[in-house]
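Right after this note come the structures.
Here come two complexes built around subunit A, the first alongside subunit B, the second alongside subunit C.
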Partner chain A sequence: MFFHIFINRIKMNLRSKEMLIWSVVFSLALGTLFYVAFSSIYDSDKNTSIPVALVEGDLFSTIAEFDLSNEPELAGVELPKNTSFEEILGDLKYEDGTKMLAVKSVSVEKAKKLLKSEKVDGIIDVRDIRDIKLMVSESGIHQSILTSVVSVFRQYSALIVETILHNPSDVKEALSGLNEEISLVSEKSLSGDNKDPYVAYFYSLIAMMCMMASMAGLEVPTSCQANLSDVGARVNVSPMNKGTYEFAGLAAAVLTQTAITMIGLTYFIYGLQINFGGNTGYIYLTAALGTGLGVALGFFIGHIGTMTYKTKNSILTVVIVGGGFLSGLMFGQMKVLIEKNMPIINRINPSSVLTDAFYSLNMFGVSGRYYRSVLYTIILTVVFIVAGLLMSRRKSYASL
Partner chain B sequence: MQVFKAFCKLAWSYKIAICIYFGICAFMTFMVASQYSDTKKEEKYGNESYHITVADEDKSALSKAFIGFLKKQHTVEETAYEPELVKDLLYYQEMSAYITIPKGFEEKHRDSEPLKVESLSDKGQAAGVFINMQLSSYLEGVARMEKTGLSLEEAIKETEETNDFSKFVKLEGKENTSSNTHSKFYSLLLFLPYAVMTIILSTVLPVILIFSQKDIKDRTDISAVSNVTKNIALVAGGALVSFIVFLALFAFTSLFLTDDLFTGKWLLAALNLFIFTIVTTTLLILISAFSFLGIQKAKDVITNIIGLGFSFLGGIFVPLSILGDGVKAVGKFLPTYWYAVSLEQIDKGVRFSGLLKNFSMELLFGVVCLALGIAISSARKNAMS
Partner chain C sequence: MSDTVVEIDHLVKRYKELIALDNFSLRIEKGEAFGLLGPNGSGKTTTINCLLSLLAYDNGEIKIFGERMTPNRLDIKKRIGVVSQNVAVFNELNVYENTDYFCGLYIKEKEKRKQYVEEALEFAGLLEFKKFYPKKLSGGLLRRLNIACGIAHKPELIIFDEPTVAVDPQSRNNILEGIAKLNESGATIIYTSHYMEEVEQLCSNILIMDRGKRIAEGTSDELKAMIKNTESVIVHIRNLEHELLDEFMKLPHVYDVKYMNDTLTIKCSGGKHNIVHVAEYLEKKQMNYDRIYSELPSLNDVFLEITGKELRDKE
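Coming up: the complex of A and B.
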């Protein structure tokens, strides 16, 4: 009997073409949209060479060619020779080896023209070594990096120039201080497969797809409750075991909805080439478990009280849309803000739990945190199904 | 009138959905608005400002001076987080760097093997590079100054002097275009189109689709009510609900904009949202023209696709400034984009005449929807007859 109902329920689900098509369209349309909107944002903020104009002048040469031989106490001290600012700036590199600055040594007039036409992000003016200046046309991250570079040069110039001009006897210490490697900052980088935060929108989208499966779960109890549908009335007067009917319907809904989720996920991974981070097999597994949870949620809500179908549908809307929002679907940082202030919400919101499972796979791999999310998903699924089945028992109707 | 009454009754039956969406949207508005600062743009140069968390285990003069230096440019939170949460906050860019100053740092910073300040950030991003450069520039600058014989206090003073960008950076030409400086006014009103779209689509659309159901449509067609009267009643019903939604949302948001109430800016923002509401209503006409495709069952999915899609592409959820040129090009075909652009200009003080183009573009979308909706309905009707 179970398989008979199971097969028929699958046929029913497949014949509901509008729902099937729109569910697939939902994931494909929003996935494509997210891809178009977010695919280049993270890369655009990656380390790139900053175009900068350099205006050099005579004073630098004067300092570089400072005749130390006139100072008897500085015997043996050598100032760097044949080293231009352009070379020093050109040698600055990011950790990945990319050149930090693309330097053009030009006259001040030419430099201003380049800045005006936005061909450079700033002008480093070293005509007066005692007062190195930076000229920019707007604020931004490139300009901020340039201020840091100039700050360091101003420190060096303060050390050397002031010492040479005012305390030439201390030049030796000043220079040895400059040549000495000082490292007081240990720079560590965020680890993880894909550090692009915009991928989290896809995590939330998959979680929403899973939760939308709850609508299919809601159809199962609706179709066997006499007060909600004609089919329910017929099921109730039939000699068939209601538990078997519901369980078969549930299994059919899980199968159909999982297929829909898998189509969407496959499109994201292989069609749009989204790098979710982590093991692909686990991503599919998590999505399948999430869909199961979604169907179970709908099944559970469908059994609560004697509310109308519309009311139950509204409750599920709250869970889907509200839960999606809390997991970061509309505002990416929402999940982490909740984690910081009210982590309990992230533990009980199914969408956040699923989003966190995908995130954990990406940033921590198959770890305790991932297992915690999966365990919660499985436990909640079982609780919803058992509670739903228990609520469906011994329900009788005085009149139909 | 009968149709209008029936429309209102049916719409009222969706009161729970209205309340739920209104609640969600109100919550969203607050949460999103709270993420924006209320700082105004300045004409002088300013470095990019980031959210940095510092766990100061040293509590020394050097560590305090260092934190003070960071606070001059960034939003600095002095606390210690669990490693997992640190990673979460960095990944979601809620924080740009997590800095740990170890105990005994000041004491050992001049040793041959000094204790080091630990900086955790996304080094692949320009923000991480900038913050690390600032840290090194400051701390290593202090150490170098000390090596010349200066005391710690003098070295700190000297380093801060050389790092004070106001003394060496000159802003030429444009005004400061630093990001994250949207006002509360802008932030609160920016989110409303999503609310308008979801509430109207989830309450008015199902009612219109009910009237399009074959049985009901056939019964209405053979009744004494003419087709024109029926359509006028449906449009009036939809317009009434839409207007109530607009009023409720704008009035509710205005409660938090007491400084701007009844100003020119506030009135223009109201007009902007009102135009958007009209456009959403015309969008309903277009969607309901496809009722023959059996969209009744998929109305929630359609609502989500349109609500989320228009909001993402139009710069409602993600600021237009960070969206790529391609996305902006697509967004220009959507009313949400023109709403966001108009709101930004209203916030900057642009007057009505300067906004006419944006309002026209919003309305143009509405006219296209209306024309398409009517054309599809007529074509369908002709095909049926």
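Coming up: the complex of A and C.
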């Protein structure tokens, strides 16, 4: 009996044009729209190589030409191939593989001309490696990056020179320290897993897809409550156990809606190549749990009171949109304001719980806060389903 | 063991101030085709919904198959089929799937269900529309699908709640013939309608209700025997002087005469050859008329005479 209902409910969910339009087409279209809209912003923010003029001197060349093989204590230690300062700088890369600096090794005079004509953003003068100088003509992100790079080189170049000249046996450690520091500069990551500010919109979109699943949840009581639909009356006069009927309907709704959410998410990740950071598995998991929460919310609202289907549908829409607003989907500071004044709302509002889970993943990775959000998601889902089932016990209606 | 299938005793159902069912009682025996006749809003559907435990009621008792009916009596529900006033099917399932879906709420065995669904579709004349989705069906076919979904599990008691509303005459005849066949095969039928002709054609026992109250019950003939009118003679005649109406009242067995829209209606109580008496009188008075005919009383006349109003609104 369970499978009879389950299979047929799946068929109905997949054939429901309204549901497919809102759950699939609308979400994918909105995602594509976001992608197109943000593409231009992404392009303007894209990492570009910073043109820089390098003025090299004899001292560095001397160090670069050090023959370490003459030192028995340094057996096995090799200076990197890029022993020229130009090559070391040229090897620095952003996270996406783009070269950080476009280095031109020139004379001082030529370098100044290039800076003046704005063909380079800065001049790195390494004629005296113990006093590396940086000249920039204005301030900006490129100039800030150059300052950071030079700052690291100032520290480490001096250290390496000192090490090679006075304590050559420690040169291996010194070189490794230099590489690590350069790596940190190139990632320029402060914390968290994802630095992309626009990915938050896609998280909001996924949260919205999860909440849209509530429409499928609402269909479950609608199909078996006599006061909500004619088919509900027909099911009500049948000998079908209502609990079994609703469980089968719920399972079918969760399955189909989760599949739809997963399709959307996969389209975002692999189709649009949206970078959700390194927690793809957890994002899928959160989206699946969120879809379950959405279905449970619709199921719960479908059982409240004796209102008509249209009224309940309107209430659900208000809850989704209102909940989304309170969770900060439209106004980022709203969630913070609520957390300050009425934190309980953030715990019971499904949209808030869900966005918090995504926010935690986005900002802090798989952390305690993420697990707390997942726990709230599960608790809310269970509460909604149990409350719905309790309200749906076989009963007579006061009016139909 | 009692052969009574349905017993309703002193049922009272109120919607706030409105009394929808006022001490309403009825009894339906096994194998009966029972007609529940009344105008719109008389309480027919409320009675059915209370009977099925869909509606809570304020007072009274309902027994089906000798057992008290409650929302949890799945064993009783298993033996009942319902064809509701509104078409209750899923738009996302085709004709076969819809019938199978609702049959599946009663019959677990797949093979048996398949056979029952095929039989129901054949009964409803829907075999060639198996793959059609409800939106592609005409109003009549949709009604037939509604019936197939309600009877596929071969119930012992079938409730038809105004199944022919908004159905074309041909489909209506098919539906009525089908219901008669179900009754012949042993099913007890409850048929609610405000179409007196349908009830008269189909039902062996008829209960007329109005404003939640029982007005009269019996066979069609018994009900008609309850009223004064036995024959109405109708004459289409132009420009009849109203003074002459009293003359018609003097004819044998005539107890009421009305003239409206060039139609003279002479109501008679008892006697034979009333139409001959009227025709002879018209000839004697050299009055020209277009047409003359006689009508036997209908259930509408019964309703009209008892309640003072028409059974159904003029359509």
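We take it that the second predicted complex is superposed on the first by the 222 of 400 C-alpha atoms of A that agree within 3 Å, B and C clash if a C-alpha of one lies under 4 Å from a C-alpha of the other, contacts with A are read in each partner's own complex, and residues count from 1 in each chain.
The rule we apply is simple: contacts are C-beta pairs under 8 Å (C-beta built on N, C-alpha and C of every residue); 3 or more make two chains touch, one makes a residue touch a chain.
Because the structure is predicted, anything quoted here is derived from the model rather than measured.
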{"item": "Subunit C versus subunit B, contacts on subunit A by residue", "value": "B"}
{"item": "Partner chain in contact with A:I132 - subunit B first, subunit C second, else both or neither", "value": "first"}
{"item": "First, second, both or neither for A:H4, with subunit B first and subunit C second", "value": "second"}
{"item": "Which superposed partner A:K310 touches (first subunit B, second subunit C, both, neither)", "value": "first"}
{"item": "Which of subunit B and subunit C A:D230 touches, first, second, both or neither", "value": "second"}
{"item": "Subunit B versus subunit C as contact partner of A:F34, first or second or both or neither", "value": "first"}
{"item": "Touching partner for A:R15 - first (subunit B), second (subunit C), both, neither", "value": "second"}
{"item": "Partner chain(s) touched by A:S238 [first = subunit B, second = subunit C, both, neither]", "value": "second"}
{"item": "Contact residues common to both interfaces of subunit A (with subunit B and with subunit C)", "value": "16"}
{"item": "Partner subunit B, residues of subunit A touching it in the complex", "value": "16-19, 21-23, 25-26, 29-30, 33-34, 36-38, 40-42, 44-48, 94-96, 100, 112, 115-116, 131-145, 147-152, 154-155, 158-159, 163, 170, 173-174, 176-178, 180, 182-192, 195, 197, 200, 208, 212, 215, 310-311, 313-314, 317-318, 321-322, 325, 328-337, 339-340, 359, 363-364, 369"}
{"item": "Residues of subunit B defined as touching subunit A within the complex", "value": "13-14, 16-17, 20-21, 24, 27-28, 31-32, 35, 45-48, 84-85, 87-94, 109, 114, 116-130, 132-137, 139-141, 143-145, 147-149, 158-159, 161-163, 165, 168-178, 194, 198, 202, 293-298, 300-302, 304-305, 308-309, 311-313, 317-318, 322-324, 326-327, 330"}
{"item": "Residues of subunit C defined as touching subunit A within the complex", "value": "15, 49, 52-56, 71-72, 74-75, 77-78, 80, 82, 84, 86-90, 92-93, 97, 101-102, 104-106, 108, 149-150"}
{"item": "Interfacial residue positions of subunit A with respect to subunit C in the complex", "value": "1, 4-5, 8, 11-12, 15-16, 223, 226, 229-231, 233-241, 394-400"}
